[in-house]
Every structure is written in structure tokens, then in C-alpha cells.
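These notes are about the structure you will find just below.
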Amino acid sequence: MIVADKKPIEEIIKEVENYSKILILGCNECVTVCEAGGKKEVGILASALRMYFLNQGKDVKIDEVTLERQCDHEYLEEIRDRVDKYDAVLSLACGVGVQFMAEKYQALPVYPGVNTCFLGVTEKRGLWTERCQACGKCILAKTAGICPVSRCAKRLLNGPCGGSTNGKCEISKDVDCAWQLIVDRLKAIGKIDDYENIIPLKDWSTDRAGGPRKVAREDVQL
Amino acid sequence: MRLSYPTNIKIIRVPCTGKVDILHILRAFEKGADGVYAVGCLEGECHYNSGNLRARKRIEQAKIILDSIGIGGERVQMRNLSSAEGPKFAQYALEMDELIRQLGPNPIKLASKKKAA
Amino acid sequence: MNCKTPSKLEKILAAGHLAVTSECGPPRGSNIEHIVHKANLIKDHVDAINITDNQTSVTRLCSLAACIRLKLMGLEPVLQMVTRDRNRIAIQSDILGAAAFDIFNMLCLSGDHQSFGDCAQGQNVHDLDSMQLLQTVRHMRDEGKFLGGGDIDRPPRMFVGAAANPFADPFEIRVPRLAKKIAAGAEFIQTQCIYNLEKFELWMKMVRERGLHEKVHILAGLTPLKTAGMAKYMKNRVPGMDVPDDVVKRMAATPKEKQAEEGIKICIESIQRLKEVEGVKGFHIMAIEWEEKVPEIVESTGLYPRPKVD
């Protein structure tokens, strides 16, 4: 999933304090699972902002809506007949949702309520960690199912570097060395000899380097 | 025991403090409460294993939010006791009453009064 | 003698001499005379001088400019290049820049993570890794072509090296990793600083078992300890560094004013011992901000005078 983290309330307040009718828009997908922008977080933020404005002596209307998704037309359309009532939207969706909202409602200011962080997993409640950088050309087949692009601090395709110590990365004792994990798994699946195959220079044109990306599938387009 | 405690405290009963959500706490302040405290079982003695520990974490989160919006995080507190400690319940009520009197009323109420005036 | 490049370092190794290299860190500023001064301290005692490339990710005068300065002094620089700060365009461009000034040695590295340096909030590049950098230089030299396939007018003629850290984890792939670097094109290796001689000797034994010592020239890396504090720091704080307790204890047991001397002594003893290890083809003495001690170390270990090659 896309993992996001809450923005500090102080930062959000600075962005929206001059509006008087604000819609806080949550998303029922990834940001709900990572407890950053679902219905519950919308409720908490709305309550906090209402109190902030009351305390400032300001009369600000704050409404709460949580959509199934903010990355699909259908769901964003659900609020078309209501958005005119607001002078700003605070979206707690990931950066994708915030932008799609902004594209769809041209004249409506839209603000992000979360920091979109990475593609990752829930290791346990309250701990999410990165697994993928969406480079567009998956090499997991060559690295025993562990991604050095997202999990090595230097994204070394032929690691580990000389800083790997006791299974940990040179940048922090809290970070696993991706290449230690790869070597351990290569051994576990009986493919340690594959370690000596040099992974060639990567084509990064499918990564951020190639500019905005798209997947166009004629076979499923209507 | 017929212990007395301040009458300005409204008790909301929940099956376990683990039921108390941040939103419940925030809503109470939104509606004008001057302080909120949760009284749970002793730590390590929760009938649901970790309800009172969850409550403590939520209280901590609520403190951070209340601090960041200028209401004041110290208005929300967590206390623990066993069901046999009636006097302690009364003592916590007195302490909370005293703490809130020191802090004064919920600033939201002051702000809306000022506006009305 | 079968040399692929005009590198003096290659010639010395090919002639079967024990090579001696050292390194100088460029200054934190544009006063290049600092590097001239350092180079002059060691030039008669080493065959080639590595110039570090923004080591520990602290911004410094660029390695290439310092190498050119050394070359203009008639010395033999080894251009260190990390993949942290350059994409493949800049890498090829800098290699050509070095080739234009007839810099004939290059050490290919990935580089310390930027979080250690003075620009911790910066991006890193890592378009290539050190293995792929080796492949790139060899491709440019041997094929005379750019990565993109175009012909290079006057291709670089570089003797290509890589680093090896026998002490990093996981230990079981340390020798396979060396094999991989050789396959990628490494012709010489400069190792991480060696304090744990037993572990290094074990690594060398495994290297010999695979016959890798015949395929690459291994220069053993050494850094003399200045103080007991430095020994402790290297042991506890520098990733991938293995300083055994007895070395730390020996430094700590030495009175403060004699610690520097003791550090040099340890370094000299290590070289004496490693000279006997089959497959060690020379020494890379990294006297960090202590270049003036290099001549003493080289002379005390019987490595002076340096052989002449044409």
C-alpha cells in the first residue's frame, strides 16, 4: 500500500487558517490502513480544527467526508454537487488523491493533510516499512525477492557495500542491510551461487528519471 | 463508604478504558468540558489484557493535539486504580478538580463568550 | 612485461615489485597548495597517490582537479571516484577529463552514504554501483566506446582498481564479492584498513583457494593509529571497520605522549607480517592527515627506495 504519515496540526493550520468553509476529505484505502487519513483521522482533525478556530474566535465551518478512494473519477464525482459549498478542501488522501482532487475541481484550493511516504507494508500496528520504489522494471527475480532499490540506502544492485555490519546498514543500526537479507535468502533457496552474477547497468528510464510515467493498456480500455 | 467528591465531575461509564477513543476526548472539549480524565484498572491488571495501556497512549496523543491547538494538553489525564480503592477514586476526583481550577476554564468557552459580548 | 596502460603503478606490479601507494584528502577550500604540500611529503616514498573523492561525504575540492595538479607535478595520481554524486553522464565525462590529462589510475567506489557528511539532506545518485563503474571504465578503455555505444576519440587508458573490505558482513560473500569485482574489470584492489591480521590472512587464504590472487593485484590497506581514542572510534563508530580489542588495549596501555609512536609501530609490524602473505602485492598506506609519517613507515619496512620503471 501507499504509506502516509500525519502532518503536524500546526502546519495544517497555517495552510487553512484563512478559510471559513473547509471540507476535510478522507480516503478509505491505503491511508485508512496506515491510520493517517481514514474516517477516524478525519474526525480527529476536524474536531481539533474546530476547537482551534473556536479558540481563535473564528466562525469556521468544518465538514467531514471520507470517500471510498480519491484516485478514481467515480468516487471523486460523489462530492461534485457539494464542493461549491466550501472554499477549501483538506485532503487526507495520499499525494495521488490530493492531485486528482485538484485536477478535477479546477477552481477549488486543495491542501494535503498527510505526508505521502512510500510503498510499504504493515510490519506491526504502528510500524510501516518501505518495500518498493516503483522503478518500473522489477529485478526481484534476481535478488531473491528482496529489493535493493528500495531497501539499500545506496540502492546498490551489486551489494553489499563495505559498511554492512552485523546485518545492519552503515546509516543506522536500526536499518537492515538489504544485501545481508538477499544473501541470507539466496542461501535459504539454494541459489547462493547466483550472487556472483553481476546485475548490469539498470535502465532507469522507467523510474523517475524518465519523467511522468503511464501505463496504457489498450486491451482493457473501453 | 459514602465518600464525597466534587459534583462538577460527570462520570461516563465504559466497559473498559480501552473503549475510550481520542475522538471521545476531543469531542468532550469541543462541547465545553474543562478537563477529561480516564480512570482505568491498574496497569498489568486489565481484564482485556491491554485496554488501559491503549487508553494511556490515546490520552498521550490527545495531549499532543490539545497542546498544538492551544487548549492545553495538561487538561487530559490518565489515572489507574483497583476496584477496591474507593478512596483513591475520590482523591483523583479532588486532584483533577484542583488541577482544572488552576488551569481555568476551557479557553474555547472564553473565546465564544468574548465573541458573544 | 604485459601492461595494458601506461600506468606506473601497473608497471611496478607487473614487474613483480611490492607496490606502495598512499592517499591524500583534498582541502576544504580552493587552496590547492595543501595537496601539493601533502604530495611533496610522500612523493619519493610511494609509487602512486590516491586522491579521495569527497570522503565520508564531506564536501571538498574535487578529486579530479587535485589529480591534475599532481600530474602537473610529474607525480602518479590515482583518481578515486564514487558513484554517489554522479550519474553515468558525469561519470563518463569525468573519466574523459582525467584521460585528457593522462591520469592513468582510477579507483571505483560507491562512496559513504551522504548522511555521514555535511550535506545529509542532499540526494544521492547511485545511477551505477561500484561494480558497474568498473565495467564502465573498462568498457570505455577496452572497447573505446561510450556506454551509449558511440566511439570515443582517444579513449581513456586507465589501470582500474576497486576497494575490498574483508571485514564487512556477510563474511561468507567477501571472497565471492572480490571475484565479482574482478569479473567486472578490477585489476588492482586496495583493501579497507587492516587491524585484524588473522581475519585478513583468513580472507587471503580463501582468495588463494579460488586463485583470485593471480587475477588481481591486492594492496593491503593500512592506517596508522594516532591515539587510543582514534582506535576506539574506529572500532565502535566506523562502519565495516574491525579493530580487535588487543589493538585498542595496546594503544590505551601506552602513555598518551607515546601513543602516536606506538601506532606507527603497530603499522610497521603489520606490514612486516603481511609482506609474508602470499598474494599481497603491495601496501596502501592511508595516513589520515598524517602524511609526514609515510616515509618513516616505508623506510622502516624495507620498502624504500622505490623501484624505477619506465
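In order of appearance the chains are A, B and C, and numbering begins at 1 in each one.
Keep in mind that, in the parts below, contacts are C-beta pairs under 8 Å (C-beta built on N, C-alpha and C of every residue); 3 or more make two chains touch, one makes a residue touch a chain.
Because the structure is predicted, anything quoted here is derived from the model rather than measured.
Ranked by how close its C-alpha mean sits to the mean of all protein C-alpha atoms, the top chain is A. Across the assembly, the mean Cα position most removed from that of chain A is the one of C. Counted by C-beta pairs in contact, the busier of A-B and A-C is A-C.
Here the spacing of chain B and chain C, counted between their Cα centres, is 64 Å.
Taking each chain's centre as the mean of its C-alpha atoms, chain A lies 35 Å from chain B.
Separating the CA-averaged centres of chain A and chain C is a span of 41 Å. Within the complex, the chain B residues that touch chain A are 21-23, 26-27, 29-30, 65, 68-71, 107-108, 111-112, 114-115.
Only residues 8-10, 13, 40, 43-44, 47-52, 54-57 of chain A touch chain B when the two sit together in their complex. Per the touch definition, chain C reaches chain A in the complex via residues 83-84, 88, 110-113, 115-116, 124, 126-132, 135-136, 147, 163-165, 168-170, 172-173, 176-177, 179-180, 183-184, 192, 239-240. Against chain C, the residues of chain A that register as touching in their complex are 153-167, 170-171, 177, 179-180, 183-184, 195-196, 198, 200-201, 204.
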